[in-house]
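I've put the structures underneath this note.
Both of the next two complexes hold chain A, though its partner changes from chain B to chain C.
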Partner chain A sequence: MKSRDANSLQKVWAWWLVGFMCYIPANVYPMLQTRTLFQNDQSTIIGGAVELAQYGSWGIAFIILLASVAIPLAKFWAVAYLALSVRRPGAGFNNSRHLMYEIVEYIGRWSMIDIFVVAILSSLVQLNTLANINPGPASMFFALSVIFTMLSAQAFDSRLIWDGQAKDKGSA
Partner chain B sequence: MSDTPPNVSMKPARKLFLSGASVVWIIPLLALVAALAVAWNNYNSRGPEIYVTFEKGAGIKAGETELRYRDVTVGRVEEVGFTEDLSKVVATIRVDKDVAPFIDRSAAFWVVQPEVSARGITGLSTVLSGVYIEGSWSEKEGEFANTFSGSDAAPLIRPGQSGLQVAFRTVGNGQLTDNAPIFYRGIEVGRMGKAEIAPRGNFAIAEALIFENYRNLVNGSTRFWDTSGFSLSIGPTGAEIDFQSIATLVGGGVTFDTFVSGGDRVQDGTVFEIYPSREEARNSVFNASEVDPLKLSVVFDDNVSGLAVGAPVELSGLNIGEVESLSGIVDYDVFGDNRVRLNVTLSIQPARLGLPGEVSAATALEFLEDRVITGLRARLASASLLTGGLKVELVTVDDAPPARLEATDDRLPVLPTTENETSDASATVEGVFSRINNLPIEELLNSAIGLMNSAQTLIGSDDLQQTPRDVRTLINEVTGLVSSDSVQNIPVSLNATLQRVETLVATLEQEQMAARLLTAVDSVSAAADAFSTSTEGVPELVTEIRAVAAKAEELELQQLVDELTELTRSADQVIGTPDAVALPGSLKDALDELNYTLQELREGGAIENVNRTLASAQNAADNIAVSAQDLPRIVTRLSTLFDQAGRTIEGYNRGDQISRTTEETLRDIQKAADALTSLARTIERNPNSLLLGR
Partner chain C sequence: MKDVPDHDLAVPLTDLIVCPQCDAVYHLKEPAAGEQAVCQRCHTVLIAPRRKAGLTIIAVALATLILIVGATFFPFLTIDAAGNKNSVSVFDSALAFSNGPLILLSLATAALIMLVPLARAVLTLYVLVPIVLDLPPAKFAMPAFRFSQALRPWSMAEIFALGCAVALVKVADLATVGFGPAFWMFGVLVILVVAQDSYMCKWSVWNSLEHPKKS
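Here is the complex of A and B:
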């Protein structure tokens, strides 16, 4: 048995902060650098998705937006919500909050799929002068962001949810 | 044993603010510090922005197009926009901090694009990477400036580059090509810039740079000429094509040489003329005149076409200048009518006159003034028969009306004129051409074609094809006939025959046979008379007759008759041979041959013989005719004699033998007479036809 980690929330917030800091350049800087014979293309995550949407690939654009924007943002929001909610007693919905925590922790590793795609593309498409795909600076920040959010989620002690419930019952 | 557990020191769960802080917080702090450091570093290392304006965007892209200095990237275009009035493109370039101090007013910027020209391909790398902006500035730090005007092409003289900066000027039909290389003995020693038309439009000018290493090659007496294109000359050594290189053939080029030594050192900014060819450049050194040309005006009464600006002005065949301008002139006061006259301005180079002493327009004018007083006049002459081009000739006319070269202040001196020499040549040539024009060449050709066709048909016909063979055969036959022994022998035979005839006739004459016969017959007649009067003397008579007959036999009549017969036969033979029959026809065609033969005959004297012979034959024939005329009488008399003799003999039965002999004798005589008649006829008829072929 492991005792409660007193600094759990502090760790959560610390990792969360670093993850969020990394998430900003991950969206500002280009994710992929595509260099073909005649043009040099750099696209950010959102820019790439918009471009895909303009070409008509709504499905892929939607998936990219979902996996790279919506889910990380949701994670930030979810972790922040959980960390704040345990400080406020009587929030209720303990079951649903626990489920949210499970989902966040489960889904966190899948955010690395973006990095995975970039890594595969840049290792496959290395045709020297003809065509070249290199990961942009954003990919590193994105990976860091995912890692830090995962750490943040893991630092969260889910028992705190239920501690709040115990306190509620104790006080009542 | 139960001891109470030792008291565990209980501390409050919450400590002080910082002591309770987790170590994990270091990570975001570090991240923050790192981010700030990177940001600061980034900002701090950022150079200043400069603004370069271009005529066209030319492929400049924001964020991609680089600024390079000596092919090293020292900046990047951050933004491409327009000036306020959209007249130009402005590229905002962020330059590196360390080169920024060098970018001062003298900096030049231009766009490097791929360029394919006759001299090669430049900027090939930009095909793939896109254009970049090349900058050039001096190596000394200067006052920073941030607004520049860029160009589309590299400047000829880059800031900080050293070399001899000169300018080229063309007049006439010289040619300047932008960025053409300057060669010296085949090596590029400089480069020409963009050629421009001078403000007044009278020449083209281009700046040029002789590289620093070669500046000593150029001095004041250096002449430049154009080597672009190629020159074709056809001379006694054959055709020559001359060009410097393929590159200059297409892209143009300039080369130079210093033909004479002792030129001054050249300063930057010297203007050189570009001559069209090496020869002209070379000539210009020796014809160089430091003085202004002498301008003269000439007014020609005839407004003749063909004179052009630049036409030569010749004095005794020496080119001393050229026609500078042409115009019409109408001046009632001077000329007395309103006709348009041709006013020509001549530009005469004083140096070419070769005057001693000072060479100037004034001395040249003095010289010409003197010459005009002694009869020097200007006239138009044909320079080229083919083109009809004219030139101005200065000639000395012996009996020219007095005139002066009048120099006034406000007008050019006017050179008097004399009769032009243009009409002769051109009129003659024109006449020749019009005659040629008027020739009925069409009809001639048609007739010729018709003739050719007929000839072809004729030649192609079988008959004509056979003609040569026939002719050859005919000639062969004629030759054979002429050369045949019989023909060759004709003259000989004739000669022989005629000689015989002559002999015969001579014999006949000599013998006077007819007379003798007559006498004989008379005697016989007398004898017969006597016989008839007295019959008793018959045996004596018979004896006498026998003697007469014997005598008659002895008269060689037989031989004469034989000879005559033979003569006739041979004549007949000659006449009757097929050769002789065919002779007239053949002889007609082979007349020349025969004439030649006759000539030979004449030369050989034969013809005289023949003539003589013929004359003799005529005589003979005449005699024979005369004789022959007597023959009937003889015959009649013989006949009478015979009758009388017959009657007499019938009276006497004993005279059988005698009468037989007499009969024989008489028959012989008759035969002889017949033969003579025949001979006479033949000879009368034939000599001419025998000899003349008619």
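Here is the complex of A and C:
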């Protein structure tokens, strides 16, 4: 009987890599295509947030930057750090690493908020000639990136963090 | 609850409990209703029984079921700009991506905000109703419960609700936006989904699935 998935780390890195690959086009291509009477506007994730900040909606700009830039990047870093750290037995900080894992698992889903905003906006703002909002290609890549990083975090076996401690005790 | 020393392996397996997050082993001692058994090492809640939790969860799951169906098809938001009106349901907003390859995204959105919460409510009812009625567990109750637990991170109703708030602010200066009946249903739904999760003690459910009462 085996109590550990021997391929856990391989799966983590595979999902991580695909997620990261999707995250790049998600930031390069436009997320929203806004067509009003006089102009045709395409904005990327960061561009849209900057625009909002210029209009004075600092709070919303902050939420969007947090959910679609800061959290995904922090998540890539955290999962990579955890996966690297379990390779070295006795890396220490077991409690804080475990807490980090729980935060990553909890917070990763919230990146989906940007996709939902795009979905709501582009179904709501269909006002014939006056204004139209449509989703851009980045929305697809962003959703995939969030899904893949969630799978990456789920593939990580949090018990690996504590296995190092058990080995240290056994040898002492 | 204490760590098990190496020489003490004569303990029957049913008297042991292993933390699912960090693999620490403890002697099983069931806490009283309202108390919690917490892993000393990683602070994961192991057992948290509550009085009448089964009935509460069933009631919440039923309410969730009704609200999801209602919130899906009633108008959710209405928009009005210079005589151009549009009202959308959650179903419409899930289908916003329905042109070209973005249809996949459409399906994913529909699944995350409606189908997954719906499936979890149905699975919860399927597993818990026989247990609460002291009947033998339903067929395939164990895989059903495991599946509903695996679906948990993919149930994103509460994230959709916050997304609504963001979207509202974004269009507020473009047009007048109003709330439809489904908006309020969705608000209640979000609270119910969270309540369902916090009332559920996974260990108690597994325990009653593995040791059904003989009636």
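Here is the rule we use: the second predicted complex is superposed on the first by the 170 of 172 C-alpha atoms of A that agree within 3 Å, B and C clash if a C-alpha of one lies under 4 Å from a C-alpha of the other, contacts with A are read in each partner's own complex, and residues count from 1 in each chain.
Rule of thumb we're sticking to: contacts are C-beta pairs under 8 Å (C-beta built on N, C-alpha and C of every residue); 3 or more make two chains touch, one makes a residue touch a chain.
Worth saying up front: this structure is predicted, and the values here are computed from it rather than measured.
Superimposing the complexes on chain A yields a three-chain arrangement in which chain B and chain C fit side by side.
Once the two complexes are overlaid on the shared chain, A:V50 sits clear of chain B and of chain C alike. Using the contact criterion defined above for the overlaid structures, shared-chain residue A:N40 touches chain B, although it does not reach chain C. Legend: residue contacts after superposition of the two complexes on their common chain; A:N7 is shown touching chain B, with no touch to chain C.
Contacts of A:W110 after superposition: chain C is touched, whereas chain B is not reached.
In the superposed pair of complexes, A:C22 makes contact with chain B only, with no contact to chain C. Applying the stated contact rule after C-alpha superposition, one finds that A:I64 touches chain C and leaves chain B untouched. Partner contacting the larger number of chain A residues, of chain B and chain C: C. With chain A used as the common frame, chain B approaches chain C to a shortest CA-CA distance of 14 Å.
With the contact threshold set out at the top, not one residue of chain A is in contact with chain B in one structure and with chain C in the other. Put simply, chain C touches chain A in their complex at residues 21-24, 41-42, 77, 79, 81-82, 84, 86, 88, 92-97, 101-102, 104-105, 108-109, 112-113, 153-154, 156, 159-160, 162-164, 166-167, 169-171, 173-175, 177. Against chain B, the residues of chain A that register as touching in their complex are 6-7, 10-11, 14-15, 17-18, 21-22, 37-38, 40, 129, 155. Listing the residues of chain B that touch chain A in their complex gives 13, 20-22, 24-25, 27-28, 31-32, 35, 64, 128. Those residues of chain A lying in contact with chain C across their complex are 3, 52, 55, 57, 59-60, 63-64, 94-95, 98, 105, 108-110, 112-128, 130-131, 135, 137, 139-140, 143, 147, 150, 154, 158-159, 161-163, 166.
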